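In this document, chain identifiers A, B, C and D correspond to the written order of the chains, with residue numbering beginning at 1 in each.
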Amino acid sequence: MSTSKEHAIILMHCPDQQGIVAAVSRFIDENQGNVISLDQHVDGAMDRFFMRVSFEIDGFLVPKDKLKDYFDTLVAQRYDMTFELHFDSKAPRMALFVSKMSHCLYDILSRWQSGEWKVEIPMIISNHENLERVAKQFDIPYHYLPVTKENKKEVEAQQMALMKEYKCDFAVLARYMQIIPPAFIRQYPNRIINIHHSFLPAFVGAKPYHAAHDRGVKIIGATSHYVTEDLDAGPIIEQDVAKVSHKDEVADLIRKGKDLEKIVLSRAIRQHIMHKLIVFKNKTVIFD
Amino acid sequence: MSTSKEHAIILMHCPDQQGIVAAVSRFIDENQGNVISLDQHVDGAMDRFFMRVSFEIDGFLVPKDKLKDYFDTLVAQRYDMTFELHFDSKAPRMALFVSKMSHCLYDILSRWQSGEWKVEIPMIISNHENLERVAKQFDIPYHYLPVTKENKKEVEAQQMALMKEYKCDFAVLARYMQIIPPAFIRQYPNRIINIHHSFLPAFVGAKPYHAAHDRGVKIIGATSHYVTEDLDAGPIIEQDVAKVSHKDEVADLIRKGKDLEKIVLSRAIRQHIMHKLIVFKNKTVIFD
Amino acid sequence: MSTSKEHAIILMHCPDQQGIVAAVSRFIDENQGNVISLDQHVDGAMDRFFMRVSFEIDGFLVPKDKLKDYFDTLVAQRYDMTFELHFDSKAPRMALFVSKMSHCLYDILSRWQSGEWKVEIPMIISNHENLERVAKQFDIPYHYLPVTKENKKEVEAQQMALMKEYKCDFAVLARYMQIIPPAFIRQYPNRIINIHHSFLPAFVGAKPYHAAHDRGVKIIGATSHYVTEDLDAGPIIEQDVAKVSHKDEVADLIRKGKDLEKIVLSRAIRQHIMHKLIVFKNKTVIFD
Amino acid sequence: MSTSKEHAIILMHCPDQQGIVAAVSRFIDENQGNVISLDQHVDGAMDRFFMRVSFEIDGFLVPKDKLKDYFDTLVAQRYDMTFELHFDSKAPRMALFVSKMSHCLYDILSRWQSGEWKVEIPMIISNHENLERVAKQFDIPYHYLPVTKENKKEVEAQQMALMKEYKCDFAVLARYMQIIPPAFIRQYPNRIINIHHSFLPAFVGAKPYHAAHDRGVKIIGATSHYVTEDLDAGPIIEQDVAKVSHKDEVADLIRKGKDLEKIVLSRAIRQHIMHKLIVFKNKTVIFD
């Protein structure tokens, strides 16, 4: 990876209007940038334009540290555009929150260790001691912060302090069975990824596999989404499903669900790490 | 098909207890029946035993018209068993209820005409005139019974009279956009199959594709179920899903959903026609 | 549909180079066109750029009948581009070729009749008489041209004459169990769509379901592809699969496969009709 | 798990004939066994009967150590039956063979460590040193046995000696990129599970993702199968697939394929561990 070229990635959205693609591509072209990928989407109902473009910045005439400013002035402001600029040379720093179950944690750590993702994992936070041994296997600091009714505020402060101390860019709730407090969520908007063990919006809340079994569904699902202040109602990133039958007891749904959860969560993490997502009005546009 | 052998199919369920399989298989064996298929299921949580067995009745020592009585006395009563007896030589008679959309209707009629199913379709009922031309293409009587607030009771009576007149065994709501009244449902328990255009229990009620689009789901679904007095809450027979993305507008969800709906409904019809289903406590056991 | 606006669709590919998106979008923008969708793809291994763009032509400064010429001169030639121009106001004319099985034919005709596709179906050709009744149901001319070893050349000439007489733009082999002769294929390059009843490249040739059953696969598939002179080796448009088990006999694979075949073929037809496909080096780029 | 009851599992097959289910269920019933599950399958084309039955042996009148003998004499011999008897109290011992890639290995070890499977993993064999650190993370002996043209025979002998030394019941090739020699295979018939990174029988042999990319398929797959002396042609246990598109380069197919491979392999291992599989004539019957 060290020898591969560096790219700039711009994620943008604005009211739909004539000439945006031309303006963006002209900006890149005139400054000697080479477009690697360009995906756009127009949402007709909302009259909104979305675009992701990536280009090589080696040899680009605008210096890297001035790119944000120039793009803002020369393009974004003219089209009333909201945008994010990323460079793929920077590995985002991801905090992991877990409880007792290890399947998502192992899936994430094994991808990280094999180099599948360009990401750093500076620390793991948990309200249980169970998975400390897994953290040790991978040499990652593990912070055991048990949550009770009494200490909620305090733990919240500790968690947010750790996020800062470790310079985490975003957090992943890898089957962390606690509600994230609003102050934390507001600090990391569209930067906390959860995995819910049902096909949302079916079976919101606790014990979705029990609810699915009671209803007699023939398919179960898992949903990864950004955490918002509304429980299980944030923007959906990924979903997948598996067939089940009358033979499957609750324990079988839980077992089959684990495989869904880990794959769906890891796919969502990848989209986030690679800056393929735009969130707008509680929905995601994913340029995959 | 005319030369193939006739089979008896027994669907049964009872409290779980030792020796049921032995008793049923001994009954068939001692009377010279040849078991073609035998599937059983024990629901541990409910402590309930379910079984489907089919066997050739040619040469069976118990006469066909006494089989129900003998099985009842010699097996069913001893195990407190609920059972149904069917013969696959009899083609069930299926009434179709439609509104304006043709995709499910064509899918059903083309399977019927090509001989894929052993079923008779004596009539079609609709609250719109639109699909009369389709009924004519296949030479099936079409009864146009528009439903208004004022004539509901009357139409209900007409529909039930037609069901009797045509000796229909069961009804299929092939995107029939009307509520079936309780009296009708009680007359045909587990004999009215509906297709709901969502992945139940998500998006119960009207306009599920609009709701799915608003929520920003990444997968849509369709669900076939038996109609009960609780709207969209009857026993689920079949479900399937399709991936969607931010590119899909409501019209795309509707279009993609149609392919799901017709396939899911036709699979459910097949299970019903072939007597592969047992309904118990609002869930289905499907021996497929 | 009559009131919706007319769009131009340009499908193009050329050697990858800097500035293509800018050039194309500038051409549209400067002539007052409003881009509706723009999708591009760079194949790194082949160093090739692919793009599909659609824009409203109402009010476009270049007249419709000169658009091809202008785009060629002002854009395409400068980038060594191969391109196709389509207008979505024109319904392509599709010939259907069938043998004895009706499932794909019904699926196609019911979509056509319900207005799901903007397409005309001027005629059906078959080597059997079986499906003439289906053609009559939908009032479409049916040409029964039985193929024997002796009359192959003659039938081929008749088929090609009919294609011309009915002004067909492309042909769909809806389970037409005959080889299409090379001369026919060369006349309609990437304009003959076939459905093969296996997951290509597994089980090329005749009786794929028998071969799948012999091999004991756990999944079967269907593949739609453009017909080339190499049997079952043309560019793949769509594939889908279904789970099977040891319970499924060959007849079950055939039955389950029919549902795959009709859905996969119809999806491929839609992509073709809507000009979403570019074929290059025996592969398809699909901007869906 | 320690408090749950012990079960006997009998897997059997024989020529199809009248009365087998009755005979087996009578044997269990008369000896006070309680059937937990019973699945049977008749392969009509081969005229062969297959069955899996499990029952509680606590209180069974035939002593555990005589069960095999009694069943053989009283049932199996009379029906010309081939059968296997297992007790679920015994955890099978599984050897793992790996090369350089860690995704399947991590998936297996994390399931084992979380107690998802009742299995023991006494050792890992590899022809590379890369994954020794993973073995250390989980405290499992790691035998590095590099394979060259010259030492093949010797390594084969070492591997087989290790299998015996560690009392391994079966082996799993978790992306072990070497051919298993015939002598080894004959020692462990239907006891060596491989994962092939394609949808067999498509793309047999080396570099299947490259071949899939060349062919332009729209779906990739993975296949787990028992190893036989014919390369990639053994009985298929599990298969699954994932959609791909023109956007996916070979590296993307490899990445997406890894998720398929690990899930498909782990499902196959589970079926093997739980004795849900019967192999007959190079095909599997799976009672799941």
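By our rule, a residue touches a chain if its C-beta (ideal position, glycine included) is under 8 Å from a C-beta of that chain, and two chains touch if they have at least 3 such contacts.
If you want to know which protein each chain is, UniProt gives these names: A, B, C, D = Formyltetrahydrofolate deformylase.
Since the structure is predicted, the reported quantities are computational estimates derived from the model, not experimental observations.
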*Counting only C-alpha atoms to place each centre, which chain is farthest from chain C?*
D
*Shared interface numbers for chain C and chain D above half of all numbers used, same, or below, different?*
same
*asked:* Roughly how far is chain B from chain D, centre to centre by C-alpha average, rounded to an integer in Å?
replied: 37
*asked:* Centroid from C-alpha atoms only, then distance chain C to chain D, rounded to Å. What do you get?
replied: 42
*Specify, in ascending order, the residues of chain A that touch 2 or more different other chains.*
247
*Contacting residues of chain D [partner chain C, same complex]*: 41, 43-45, 50, 199-203, 215-219, 221, 235-241, 245-247, 249-250, 282-286
*Residues on chain A engaged by chain C in the complex (per definition of touch)*: 18-19, 21-22, 25-26, 28-29, 32-40, 42, 243
*Once bound in the complex, which stretches of chain C touch chain B?*
101-103, 106-107, 110-111, 113-114, 116, 137-138, 247, 255, 258-259, 263, 266, 288
